[in-house]
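Okay, so chain A shows up in both of these, paired with chain B first and chain C after.
Then we have the complex of A and B:
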């Protein structure tokens, strides 16, 4: 186990290293933060000045070394727009994003597990078709649109919840739903398929023929065997949330998270800050994948993940 | 996978799974299967309708100019909420006809997504073929690149590229295709692994065919049906990504319109013009639903349960 863990951690670190290096290639070789920060009509002289001020006139190898050694100690450069360390700005916003992802995960799991079980319980009956209908609708609608529909109905028309911002628990509900519905749509179908397959296996057939009810067998026998897949899928949904859904949903709900920070940084031509946000989000994705692997191995030691 | 064994050297379609009866072509098989599937019929109808609208949109006779502004008519509600048939779906904040703008937006939204999927499919399949057939270090390199790509999904690449180069339609096409190529690579590579050991591939190798000929003439035709199914699935994801990028302002710029952009522009009017956001999002949802139904049917036709697993559970996107 330890050996396996060490191997996985090294692999994850390697992926982070490659991804951040790719980011560096885009932000320092294809273009540079000084050029991006200046308007198109800026003179070459002005540009050179700005480059020198940001240390971008040094050899690329030196800059790359600074970038990598900065990463190791958590220094992601200085934000041009806010004149503050970029890592500080991103880390300040991180709790909001994590809260949003946590809320969305709760929504996903609370919807997907029961819906999946329900659909498997009434396989090929009305409930099964209804769950499939829900899943198809949820994965087909863009999450940001679901967000606006929720705002229109629950905040504007009914006035039950605040429209924007992050004032306490209530304001977390709509954005979490907007993100979680699509994930729940995918996850519930996966759960259903898993349980239906398990129910055909001898152990489940035995349980049923000994007189256990279908619902009891699903909850106590088959779901345990689907759990490892369920955890893996939930983890993958988490990575989707970190990298796609949160960015748009934070914009929709004016949620003060990392994604919205990145969008504002783009609007303010602050390449360093965008770079910092992307590096942090990509690292979160890699860490999530690592945690998923560990969790899966703990749930089901048979899984060989070498 | 059964088709693999049936197909002789150079057989052009691996589409008919499960040994079709003598004399039935793949198309006939497809048609008879379609008759049994309501989802397939619905998917095909929705997809063809949207494709048709995207193609002939500008020549539809009864539509007003999508960019014609008319401030006295601004924020006219749709029919049924106090509007008139001159603007069936109402107007936006500048008095432009929503229906005309939706039809105009269909062109850009669908064109970008289709182009991105085609690029991803061609590039990804080529890499998958090479990785699977040549193997060795090239395989390790390609598959590691695919793994890294999995950890660095499209939106993050989009953020950094837009920050570096500014928004453009081409950038969106590139970003969507780089977030999707590895799916084709992984599936293509997996299929090639199983095909490599079959008799007809060995036969062509023994008869002296070059690697390129084996890949191009013998392996690729057997991948086509699975890769088409995969492309349809990826198209649904691509349309959603395109709309998200357009919504964030990364893609087409006004006055051109796309569905995602309409939502971005209509979001300040959700209190007194809910129809702008609602109908634009509905257009996206319906077309994605159509594509999803189509892909569901294609998957049931050409049993790719294993591969579907890979796609459904793929992170990012």
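Then we have the complex of A and C:
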């Protein structure tokens, strides 16, 4: 187990390294942070000055070395828009994004697992169709639209929660729902299908033949066997959240997270800050996948240790 | 409790009574009957074999005895009575399942939960179905594993199914089936897929346990060898119906139904000098076709017009012998 874990951590670190190197390639070879940061009418002289100020006139290999060695100590360069270390700006916003993703994950899991089990329990009956209807609606609607809808109904009309900002637990509810509903829709259908399949397997038939009730068999026998897939899919949903949904939803709800920071950085042509945000989000995705692997290993003793 | 009577004769209490049981499966071509008007009784201290080829409805019957039919199938008629109570009633079934009637299945590889240890699977049964508590659960778990001949039961409690061999898994299955001290054990092809030597061990174990514990066994199999080794009495099933029933010795000495005869002739025998084995001509019936007459008629060498018109009833032709064939008229009284 420890050996396996060590291997996984090393592999994850390698992935982070490769991804951040790709980010460097995009920001330094395909574009030029100095040009991007200057107005369009800037002269070549201005650009050269800016390049020299940012150290961009040095050979690429030197720049890459600086970038990598900076990465190791957590230095991701200086934001020109804010004139502060980019890593500091991103890490300040990180807790807000993590809170949001945590909230959305709670919504996803708490909706998907019971809904999936319910739909399987009432297979081809009304409740099953109702869950399917909910799932299709949740999957089809774009999260930003769900977000606006939630704001209009619960914040503007009913006034139960603030329309924006991150003031305490209550303000977390709507953005979590806006992100989590679509994930819950996909996951509940996956759970339902998995349980229906498992219920026909001999071990489930055996459990039923021993006199365990259908609900006991679903919860204590079949769900365990779909749990591994459930965790994997939840991991994928988390990945989608980090790389897409949070960005959109943070803007809709004026949520002070990394996604919204990245949008502002793009608006202000601050490539160094964009790069820092991407590096941090990519790292989160890799860490998520690592956690999923560990969880699967804990659920299913047959998962390959190689 | 009286001691065992090896010939299955003498005073038996009637435990299970199945009458005209019909189980149907809706398909595109109409309803296919997995079990078609089946009548069968099992007495106490009896080892009854039900033999038939794949698709003859044996396994469907096994589950239906517990009031279970896998969707989309459903029970369309008939009754299943356990000690006079209707098992098709869900409240009766819930009480009886696993406690009074327990079942073991054909594929021990996949019939145990892959993600629960042997101990956990025994524990939940003993706690939730047998009503045991605390230290008694572990004690009884060990006792059950010992009973089915598993060495080092303490270690095996921590094992997962994938860590056990096929024979071990079937032993564990038997242990879970016996956890609540059932009166009837339904064994659906319990030795299929196991090595021949392991098959023999499992059959011997089941035989010994049924004698020691006074458990009746309903052995569902396609293997006449298993029947010969294990059962006191046998019923031959074809296309969802019983075509012949007889005590074991008489079935092998003098089969009456043409299908039973065909089955016996297709088994190699070491005690007779036979140069060739003969199979049964034709294909097993396509169940969606539904002939009005005898289901075996298309493959039968001695069919008449009447065989195509209506299915022959199961009639008594001698003491403890019944056959469903127009060529073997019984006491038509």
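The rule we apply is simple: the second predicted complex is superposed on the first by the 304 of 306 C-alpha atoms of A that agree within 3 Å, B and C clash if a C-alpha of one lies under 4 Å from a C-alpha of the other, contacts with A are read in each partner's own complex, and residues count from 1 in each chain.
Note that a residue touches a chain if its C-beta (ideal position, glycine included) is under 8 Å from a C-beta of that chain, and two chains touch if they have at least 3 such contacts.
Keep in mind it's a predicted model, so treat the numbers as computed, not measured.
Contacts of A:224 after superposition on the shared chain: chain C is touched, whereas chain B is not. Judged by the number of chain A residues each one touches, B leads among chain B and chain C.
Using the contact criterion defined above for the overlaid structures, shared-chain residue A:18 touches chain B, although it does not reach chain C.
In the superposed pair of complexes, A:202 makes contact with chain C only, with no contact to chain B. With both structures placed on the common chain, the touch criterion links A:4 to neither chain B nor chain C.
In the overlay built on the shared chain, the residue A:212 is in contact with chain C alone; chain B does not reach it.
Residues 147-148, 151-156, 159-165, 236, 240-241, 243-244, 247-248, 260, 263, 267, 270-271, 274, 277-278, 280-281, 284-286, 288-289, 292-293, 296, 312-317 of chain B touch chain A in their complex. On the chain A side of its complex with chain B, the touching residues are 15, 18-19, 22-23, 26-27, 30-31, 36, 136-137, 139-142, 144-145, 148-149, 151-152, 156, 186, 189-190, 232-233, 236, 239-240, 243-244, 247-248, 251-252, 262-263, 265-266, 269-271, 274-275, 277-278, 281-282, 285-286, 289. Those residues of chain C lying in contact with chain A across their complex are 63, 66, 68, 70-71, 94-99, 102-103, 105-107, 110-116, 124-125, 128-129, 160, 162, 173, 176-177. Partner chain C is touched in their complex by these residues of chain A: 123, 200-203, 205-213, 216, 220-221, 224-225, 299-302.
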